[in-house]
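Here subunit A shows up in two complexes: once beside subunit B, once beside subunit C.
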Partner chain A sequence: MILYLAKRLGQTFLLLLGVSILLFVLTQAIPGDFFSEAQLNPNISADVLHSLRSQYGLDRPLPVRYGRWLAALIKGDMGYSFSYNQPVTRLLLPRLANTLVLAVPALLVCWAIALVAGVLFAGYGGRWTSRAFSFGTSMMLATPDVLLGLAALLFAARTHLFPTGGMTSVGVKAGLLPAAKDLLSHLVLPSAVFILSAVAPILRHVYAEMKQVLQSPHIRAAEGHGIPRLRLLFRYALPAAANPLISLFGLSFGLMFSVVLVVEIVLSWPGLGPTMLEAILARDMFVTLGGVLLSALLLVTGNLLADILLYVADPRIRVQE
Partner chain B sequence: MNSPAAGPLLSVAGLRVVYTGADGRSSVALSSLDLEVGERETIGVVGESGSGKSSLAQALLRLLPSNAQVAADRLCFRGRDMLGCSHAELRQLRGEGIALISQEPALSLNPVVDIGRQIEDVLAAHRDLSRTERKKRVEAILRDVGFDEPARIMKAYPHQLSGGQRQRAAIAQALICSPSLLIADEPLSALDSATQAEVLALLRRIRSERKLAMIFITHNARILEGLADRVLVMRKGEIAATGTVEELAASKDDSIAGLISPEKTLGRVAGPRSSVAIEPLMQVQGLSKKFIQRRPFSNRGFEITALNDVSFEVHQGVSAAIIGRSGSGKSTLARCLAGLEQQDRGEILISGEKRAGAVQMIFQDAGAALNPRFTAFDVIAEPLVIQGRLKAQERRERVETAMEEVGLDPEWMDRRADEFSGGQKQRLALARALAANPRILILDEAFSGLDLPLQARMMRLVLELQQHHSLACIHITHDLNFVSLFASEVLVMDAGRIVDRTSPAGMLESENPVTQAIVSQSESLRAVGLEAVL
Partner chain C sequence: MKRYSRSMVSAFVLLAFHGVVLLAGFFAPYGYATQYRALPHAPPSLIHFVDCSGRAHFRPFVFGLKEQEGTFSQYERDCETRYAVRFFPRGDGYTLFGFLNTDVHLFGVDEPGRIFLLGTDGFGRDQFSRTLYGGQVSLFAGLIAAGLCVGVGMVAGTLAGLYGGVVDASLMRLAELCIAVPALYLLLAVRSLLPLQVGPAAAFVLVVLVIGSVTWGRPARLVRGVVLSARERNFVLAARGFGATPAYLFRRHLLPETASVSLSQFAVLVPQFIMFEIMLSFLGLGVGEPFPSWGNLLAQAQQYHNLVSYWWLLLPGLAPVPVLMAYYSLSNLLQQGPGAKNEEII
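Up next is the complex of A and B:
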């Protein structure tokens, strides 16, 4: 187990290093920088710009800049935001927390829905239910996330049941319980949009894997021994179908990020999404780098988690060690 | 023989099973089948593949997939109508009244659930017992099927057990609720011959100890001798004949007698003449091959000697058989001969010179050896395309001839490979080999996946082709069967060496322990064709 974990951790670390190099080079390949626009301003002299660039280290060669950034990163310093005029860590970490508060519970709910519904549809569905299933999930896949978000906004504006944006309301009574209630009411719509746009691909995967496993001889045999249907589905068929689903679970952390960015921007959730968008448009280099690196970190963490889950779930992988 | 008690245990009349394909076409698997099984009676069911044997087993447990329609005038177990049963009643019956042992234990046990849990769940589904009591019973049944350390087996997963152990675990799972009828659907066919003998002995013991009634489905009718009270011969979804093994073997109907003793259908082909050429067609000299296995992150590798100084020769138009247990190096030898593997040392000469292309190989699993998306034409023409010597029209003609020769309708040329049945796929593979105009044909357990009557027919086809094209054939096999009867020479392999060189008849007098072991295994299974040697 320890060897397996150590190997996976090592791979994860190397992967992140590779991602950081690629990211850095790519952001540098974009022509211009944060101060390019200031060049057009006749009131700022070339000397000022030069000294600003050298103050931020932008005049050094690429490897040096990367090395300094990486060295700082290891110490937990992600650089400095040009436009917010504060350290990137202080800017991004609270927003990352907001994003995770929205995305992680929503993702887990997605998986719970997909697993239960996928197994039951595959296990009990006839010809017509399976057609309805594939039609329904195709519709969900085809609907753009933005449209769902706008529909949610419309719903909130018309019914006044839920707030139209943000994470907290002004003037909420002090105390833990009212604050939690306020947060929950803000969470409902973004979570619903997130779930509606992320659940369909997961559901389809669960359904397809289950359909395939239910054809296999060992399920037929277990049925022949009189194992009750629900137990057959959840204790025999689902574990046998689990491997590709666990890998997908890891990948869905990456999927989560791309969905949540759109949801946050449309429903103005104060997460990474809006900040990232601004930073990219303003060429606020270190914020962009930090944000993308955080999302890469999330993805590889998800994969690492999937590897650990695979190890726990599949006896055949345990033996290979 | 046991006398049936009053009132049959299972009574079936007019059982029909019809499958509806995805394209809406329906095919009849069983048409009007009558069957009665008394208490403690053993019924053998034999038939070719496609005769409806497995549909019968699944129909009796109502386990058929949803595209199968089952109807019967009567389907009663212990006087209870099974067709009118609710799902819950049916579930109770499965495992407790009627239990099933399936063909392939590696596939019929769940790969990610441990053995103990899989057996215990069957018990939990039918009996209201405490956890400790259940564990105790699982241990007892595992001990009963011959495991010395039941506790260890309970914690094991199927992939950690050998084929024989898996089948014994599957038998334990079937017996845990003491059913009164056991349906064994080809329980031996996926096992190697030593394990077959062991599992057969276990089934015999359990049947008499537990006073079980049994339906034993097999394609090897010989093992039913002394086991089954009655044998049903199935053909095209119907019962073609009933009787004891001896009665059926003496049947005037050729196809029934052929099912019981497939080698009789072979007897009509004259055996290959011994060669007149003095110069051997293929000479193998001092062939050696080692594999080095290395673990990841470790420099220590260990060597496996697959072939150790193997020399022999094969003459034109003659068959040789290479027999050896799994791991004896026979498959590596075959792969070296076919040029799929490069030997470390030694030489393979064909007509005195080194050259490739004259050797074609037929693999055990034709299904896996053919690209399912290729049409029959693509499959057969592939070696011709690779050689690149013929024009399109000539290729087409060559493919037509090859298909006719192996008994496939050239009209089927544009069908996809996966639309052919198991036997037809093997014929396709044979046609592909023939199209390349080989001089030597290597058959690596080529027919062992097919049922016996089909094996006999394929063997007959190979013999005819061999005479017609004066091919040399090398049959590779792990046990003694009728394939070896047509070899003029038998080479016995063990641990990468040829340890014995004899004729089929000479195997019985051989003093070599490896040869003796192979012969005695085949005897205990009453391997088809053995008596022709004896």
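Up next is the complex of A and C:
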């Protein structure tokens, strides 16, 4: 177990290192630096520019600059946001927390829905239900997330049932219970949009894996023994389909980030998405970089989690060592 | 047989949509930038057969619009004026295929009436026409980006599989890096390094290049797997033994082997990339005004007041649905086909 874990951790670490190199090289690939524009200014002499560059280390070779950036990164310093006037770490971490508050429960609900509905559809579906299933899920896949979000916003504006944006409202009574109720009411719409956009691909995978497993000989044999259908599906067939689904669980963190980005921007949830967008529009480089790095970190963590789950779930991996 | 007929339906839907969008100038009653400043936020025109006094007409018509007393951009129909729907009227000039100048449209109404099937936006531009023109950007950006992505993936995957060693290791590590970052975030990161204010044509190229360049990892991995197994097949070994060059091997033996995987990847990626384009343009990072795309058409509905008062601004968002459904159904059928495995949509 420890060896397996250490190996996976090492791989994850190398991957993150690679991502950081890739992103750093990307940012350095564009010609010019922060002081390039000052070159056009006749009042700033070449000597001043030269000393400024050496002061900020911009005249050093690429690997040295990367090393210094990485060293700062490991200490939790992701740079400085010019438009917010504060360190990127302090800016992004609370927003990341907001994103996770919205996305993680919604993703888990997606998985719960997909596991139950996918197994049932695969196990009980006849010709017409399976057709309706594939039509319904492909319709959900084909509807732009943006449209779903806007429709939810319209719904909220027309019915006044839910708040139309944000995470908290002003003037809520102090105390834990009113605050929780307020947060929940703000969560309903974004979560609903998230689930509608994210559940379809997961559902389709569960369905496809189950269909495959249900054709395998051991399930046929179990059918022949007269094991009750529900028990057969959830006790015998689902564990047999678990392996690819666990890997998918790790990958679904990537899906989560893509979906939540849109949901946050359309429904103005104060998470990572709107901040990233603002940073891109304001050319606030370090904020963008930080956001991408954080998302990569979480996706890789998700995959690591899936690997550990696989280790627990699949005896074959344990035996391999 | 049934599979065949279903794929024919999807293929027909796709062909029809792409055709209509390519010929947008003809199918759209107005130009994409033609503004009717007197009619901002006009609701969708209904086509009538019966007029206000209850008399039926053989030729369909639309009513004129008049502004309600004391309001701004709130219209009611004007029973006095009827404008008959005509086929092949002359209207705004446009150019087909880059050289054919004409001004004949499929349909329109008698002057000075206007027909707005999906209503108008804040500048009084016909949303239906803009949706058709917008498809030119969205559909073809998806198509070309997917072609680019699968193309790069095929080359990288084949090189990795064929040569092995350092080439394989470095290419596949790079592919893993691209997969390790959520695609949309990597897309935004790359986009953020490029100029923001660019013309529509440059923006189109930019969007296509950015999408294609950050997503090639997965197809490359799949193609590599196929090449690795194909490399050991007897006919490839035989060809090698006869002194076939890598280029020949690639063209004659490996490319056909990878065709099935590449094709199903392509069909999965096109709808995904259409979504990416919609998203980028919606966020203002893709193709911008005045040229429409399915993403930036929705951007105006983001303003709260617009969304609540003029619900028809959401209608262009429905345009991708049939196209993407056709793509998904086609890719499903391809994946059930011989040699293709169920591959990730995520």
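To be clear about the criterion, the second predicted complex is superposed on the first by the 288 of 321 C-alpha atoms of A that agree within 3 Å, B and C clash if a C-alpha of one lies under 4 Å from a C-alpha of the other, contacts with A are read in each partner's own complex, and residues count from 1 in each chain.
Operating definition for what follows: contacts are C-beta pairs under 8 Å (C-beta built on N, C-alpha and C of every residue); 3 or more make two chains touch, one makes a residue touch a chain.
Bear in mind that the values here come from a model prediction, so they are computed numbers and not experimental data.
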Subunit A as common anchor, with subunit B and subunit C clashing or fitting: fit
Touching partner for A:A296 - first (subunit B), second (subunit C), both, neither: second
Subunit B versus subunit C as contact partner of A:P144, first or second or both or neither: second
First (subunit B), second (subunit C), both or neither touched by A:I227: first
Which partner, subunit B or subunit C, touches more subunit A residues: C
Subunit B versus subunit C as contact partner of A:T89, first or second or both or neither: neither
Partner chain(s) touched by A:R204 [first = subunit B, second = subunit C, both, neither]: second
Subunit B versus subunit C as contact partner of A:V262, first or second or both or neither: second
Closest approach of subunit C to subunit B (Cα atoms, Å): 6
Subunit A residues contacted in one complex by subunit B, in the other by subunit C: none
Residue ranges of subunit B in contact with subunit A within the complex: 58, 61, 63, 66, 87, 91-96, 99-100, 102-104, 107-114, 118, 121-122, 125-126, 157, 159-160, 170, 173-174, 177
Contact footprint of subunit C on subunit A as seen in their complex: 15-16, 18-19, 22-23, 26-27, 29-30, 134, 138-139, 141-147, 150-151, 153-154, 157-158, 164, 201, 204-205, 208, 212, 248, 251-255, 257-258, 261-262, 265-266, 276-277, 279-281, 283, 285, 288-289, 291-292, 295-296, 299-300
Residue ranges of subunit C touching subunit A (in the complex, touch as defined): 173-174, 176-178, 180-186, 188-193, 196, 271, 275, 278-279, 282-285, 294-295, 298, 301-302, 304, 307-308, 311, 314, 317-318, 320-325, 328-329, 332, 342, 344-346
In the complex with subunit B, residue positions of subunit A that touch it: 126, 216-229, 231, 235-236, 239-240, 242, 313-316, 319
